[in-house]
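Multiple structures are listed underneath, in structure tokens.
What follows is chain A paired twice: with chain B in the first complex and chain C in the second.
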Partner chain A sequence: MQTPLPRRIIHLDMDAFYASVEILDNPTLRGRPVVVGGSCQRGVVSAASYEARKYGIRSALPIAMARKLCPQAVFLPVRMARYQELSQRIMAIFARFTPLVEPLSLDEAFLDVTASQTLLGTAEEIAARIRMLVREETGLTVSAGVASSKLVAKIASDLDKPDGLTIVPAGSEEEFLAPLPIARLWGVGAATRKTLALLGVKTIGDLKKLPPRILAAKLGKLGPLLVDSARGIDLRPVEPEREAKSIGNEETFATDLFDLRRIEQELLALCTRVGRRARRHGLRGRTVTLKLKYRDFTQITRSRTLPAASDDEQTLYTTGRDLLAKTEAGSRPVRLLGLSLSSLETAERGQLSLFSPTTKKEKCRRHLSHAIDAISSRFGEGAILPGKLLATEKE
Partner chain B sequence: MEFNIQRELFVEGIQKTLGIVEKKTTMPILSNLLLRANRKQVIIVATDREIGLVADYEADVRQEGEITLSARKLHEMVREIQGELIHVVKNERNVVVLTCNKAVYRIPGIPTEDYPMVEGPGESPMYRIKAGILKEMIRKTAFAMSTDEMRKALCGVLLETEKSGETFIVRMVATDGHRLATMKMDTGEKDFLEMEKGVILPRKGLVEIRRLVENEAGDVFIGIQQGTCIVKTDHALLKVSLIDGDYPEYRRVIPAEKGLVFKLSRDKMLHALRRMSVIASDRYNGVILTFFEDKVVLNSNNPDVGEANDEIEVAYAGEKRNVGYNVTYLTDALEVIDEEEVSFEIGEGMKPGIVRAVGNENYFCIVMPLKL
Partner chain C sequence: MSLIFNISRDDFLSGLASLQNVTGKKGTIAILSNLLIESQSDAIRMTATDLEIGIRNTLPAEILSEGAITLPAKKLFELVRESDAAMIHIEILENNWAKITCDSTDYKLAGMPSDEYPAFPEYDEKNLVSLNSDDLKELIDKTIFSVAQEGESQFNLTGILVEKESTEGRNKLRMVSSDGHRLSLMEKEVESDIGLLKMEKTILIPRKGMQEIKKFCEAGSVVQLCFEEKQAVLKTEQSVIVIRLMNGDFPDYRNIIQVVNKAKYFELNRMKIMTSMKRMNLFTEDRYNAVQFEIANNKLILSSQSMDIGSAKDELAIAYEDAPLKLGFNGKYFVETLQVMSSDTVKAYINSEESPCMIQGEEDPGFISIIMPMKI
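Let's look at the complex of A and B:
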């Protein structure tokens, strides 16, 4: 929905979030290069402290490469539960200022504070207060950008990192963007940048000087979109509580898997996780999709629609195994396996069915799932497992 | 092949094939109809291999013969032509020429050899049934069929027969897994289809059966033969492939005990529900009914659109009761009722509700509530 007032949007982005949390929990790390990422040799960097970034370490860089770049850095495994906990606290702070909070990930969110301004002060004041509160209540720093659109706010928050606040007054978006390199715009990757460089476009300001005809010819549909972006025009609203379209998990294996039995075991582990997550969110899904990446990185997906929405891992597993049979798993090495549940519907509210749960067996299984969920949430994930998975645990 | 035919009759005959012939042309010939000039009739055949229709129309046949033509194009041509009588002739290159006054259409045809045969019932027995019974049973149940292709058996209507005293009863049942509508009627016939278990008629076939019997005042004939259902009138024969699948045991879900029963005016309830349905969307299609103090309060709420409230008087003195339903399921069930008064039974807890017509025991519709 469009607000009639000129919009004021804040983009908040935690500074090197995972790495900062690690430093927060272990202050002796302060001032040292800290890299958080997967533990096996195949892992990639999830976050790097600003000290580590000086060595050229970036997110998504393979860990092995990071070790070469900076052998003296502290390498730590990902502690997702801890990051989630802090993320919740941070998002709760954001929510004190507006209900229009759109989280993009654990450490990043858009806030539309247009309507909050009459009560809580200008957008600039709100951004400053949020930054202060986050620091006081969590000990972490967050950078903020304030502008009239998501596009400009996001670019602004990134401009003065870490611990920065950049304000773009309404009406001065074009001026603000003009001197920035073209790669700052969404949709401009290496290929587009090359094309544009040949046309003499280096900054966002240069883009506007090009005749639209040439831009359209060189970039197609992206052309007009970029021109709008260059002017700071972006009408997308801040959308709170983005609904989950699917629930899925995937696993990249430390070594490629050949043995079908072993792959099925991994599949069961995935199904257990997906089922539990679905139940925790009170969702059921009708479409089961299996994703498979072979050693040579070719990726395939196979999916099937269930006769009725389900959150039961046994159903997921039997369906997933049928789908697996349609792949080359077992004869071709598998690098990654994923399973997701989509076409979601709420399990708690909603239309009841005449014919289900049809069997006593299904009812029993539902009771069993709930009991297992209760045990897991009390004693931790993995406290109770299907017997088939015990072998993996030992390995 | 050469004949003269009344334009109106020809239009009608072609029109009846349009629902049957294929729209997507995987096999081009299946989007064609077959014309056969035979003695004093023109026979029009249409089939998609699941459904077949053979109908005869009076015509002045000069020379016997046959050809297949695009049903849709032929329909458009004959519809646009002005005049009473159309002259149709096929030349040696399988081109059909339609002439009416000065207007001439030439349309290339495909020879009939590759056209799938639509065979009649042969020796298998056909039984008499009033056209009105078929019409009424389809009207009362078809709306509850599923459209979910994953549940093949539910994408059709179950047809069952049983002997009750001297005569046979027919019953149709349709369900999409959330609601179930059923209607039974006495055929008045002593000799009728005897089936061990019911057969499932597919959606498209039902539409065609309904179209076939729509304007029939008297009796038609019905038979089941090798996975097909055949319905025959004086001038047409329709063959429908049955759905091969197991229909769920619907009797198991018909509540044995009566819940709370409310009697309501059909019109008042239907109109109030329609007012609620203005608010409904795919995601928020619920209506909450609250029964207390001699009234039922209807409430519908959709965060994307708004809210609606209404109330109707009803004789009720018990505790306050709350129940939610998909509003479409209720309006569908009420719309096919002709009686003035309806009864509405609410099950205990999460048990199904039942909509009935007061004074007509033969129809009812079971509706599962929404979990609130």
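Let's look at the complex of A and C:
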């Protein structure tokens, strides 16, 4: 019997993606600290160029803090559409080498190239070619890690950033991981790190020296999992295209909202976006979920199942407003509002319903939605809006 | 004094079996997973309820001492089922313990006091109307399969609609069910005087209640039925079931039936299409069971495909000479409808890819099935 080929997995991670795109589009920024992030006072850093990172600026740091750390940095707003465009081009490059591409976000993906090797060269060669193609075709750099599992590949890609390539030959995973700090492993946060430090564990190698019994006693279920990780054992497959489970949008407000009418306006804006996204993907959902975060960060969700799957923003809005009425919105300051549609089904292939959608009014509304979608996609989001939302624009 | 009785094992077993479905399993109220057992002159009366449905039956027994107790329904059923004794002896001891003797085996089973058991709903015997149980069973059989699953659709579709109609001295009972994608209607002429049945309000009986009614119908040839403000009551000689009616309205099914244009149809052999459809269902995707229909020139081509498995195709001769049609249906819906019918030849009225399809058969008087196509 033939032993199966050891898996070869590449983890690709764009270097400071958003910031790099901004520099690409405006070369005068090259060499300067660039920070991309939210525009309102509560925004956080979405990405920082490597120059900015020298000042201690990291993702998720409040913008205000970043300004203090490095006042001379260039602060830019997020241009999601542009990043998405480049992301698509980069993912398309990945897809030339294997159908098994699992995107984790716009700028990061796992590739399983085990089977591609007979045709396209070793995993190391493929990783090098991908890095070259991304640079040539987009002008951006990507770091790569090649290993026999997702876990090790991801740790490897991060090791030599930016513009690095780290290869972990099959069989040498343990050796590779041993000297690295324990925090590199998934599942090790501040608390676990502290517990382990007390046991004298600083590196991944140290972890393996501990008797499993002690580890299990101190860490519970996480213990054996970490030992596997320390050995580089991670059997999770690369899963291409995860099917969307829900479509949702949420908004953190610049200042907390008190006025119910104002909150309803924001809700309508969310419903418009969610409806449009659902229609664009040809999906309809049966469950509407409203998410609300109050000023004190307590978060609640309220959901309702619709009689029939829908992609219509009016239906979403009426349902959302009913759900909103069950919350303390209006009497308690609201910091964040979100709306999502789940229990999705494909609109095109769905089973037709006996009772619902064919009323004349609903047919009209469906036509209207499609017309609005067409206008928005041609003239941009916001080219046509419900009247209620125009009022917000003015405010 | 506390309850002591002897009872035939077989009688006891069938009595216990009939109550199993309505004893609480979710455990919200502990005592609901128990049965109430009370002595009568020469019988015991057993009661079970899940607060939606209550069933009470009377079994002949030798009462040695009068009393009442509640005992765990499932355990009691299991131990009687496993016993091969002809007679079972039950004796209630202190603190609600029951000593159960089946031949050489002794059990001690912990019970709960009978006075904590919820009261059985009251009803007025005068309202009861006798019905042929086969008629009632047929009405249920031909509609229950298309009731919506709970949580799958609107709440008001999770039950069967019951209606009566009296014209020119002829009495009809009608049941209708729908899960939003298909609808089944069965009406049947009955000999009893259902004019006395109080049915002013929408009568919607939940699926589970209907299943229990069906079991009642299998037990004897005549049942007695009445509807009251909030409940349906069905009685046989030894048992009574009280079902809480669902609140709500049923969608306007008449309108749906009326809009079906009966000009265009095809005829087909029921058994042939049913078996073919079962074959197609082997290759459908789980979620929708989509089977493609291509109808033209006295030919019906059925096909299905699943991304993971492969595809299937079948060709059947039918009577159809109208414009060609290509549409999709949930294969499961077709099979379930054809299964309850008995005609050799059935007619399927189809107008377009998006309009409801009605299925009827000559030897299935009173039965209408409507199935919505799916977009393919």
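We take it that the second predicted complex is superposed on the first by the 390 of 395 C-alpha atoms of A that agree within 3 Å, B and C clash if a C-alpha of one lies under 4 Å from a C-alpha of the other, contacts with A are read in each partner's own complex, and residues count from 1 in each chain.
Everything that follows uses one rule, which is that a contact is a pair of C-beta atoms (placed from the backbone, for glycine too) under 8 Å apart; a residue touches a chain by one contact, two chains touch by 3 or more.
Not measured: the values here are computed from a predicted model.
Aligning the two structures on chain A places chain B and chain C in a clash.
When both complexes are overlaid on chain A, the residue A:F355 reaches chain B and chain C alike. Of the two partner chains placed by superposition, chain B and chain C are both touched by A:T305. In the superposition on chain A, A:P77 contacts neither chain B nor chain C. Once the two complexes are laid over each other on the shared chain, residue contacts for A:P169 go to neither chain B nor chain C. Look at A:G56: by the touch rule set out above, it reaches neither chain B nor chain C. Residues 305, 307-308, 348-356 of chain A lie at the contact with chain B in one complex and at the contact with chain C in the other. Of all residues in chain C, those touching chain A in their complex are 151, 153-154, 178, 180-183, 251, 256, 287-288, 290, 330, 354, 356, 370, 372-376. Residue ranges on chain B touching chain A, taken from their complex, read 150-151, 175, 177-180, 248, 253, 326, 350, 352, 366, 368-372. Of all residues in chain A, only 305-308, 348-356 touch chain B in the complex they form. Within the complex, the chain A residues that touch chain C are 305, 307-308, 345, 348-356.
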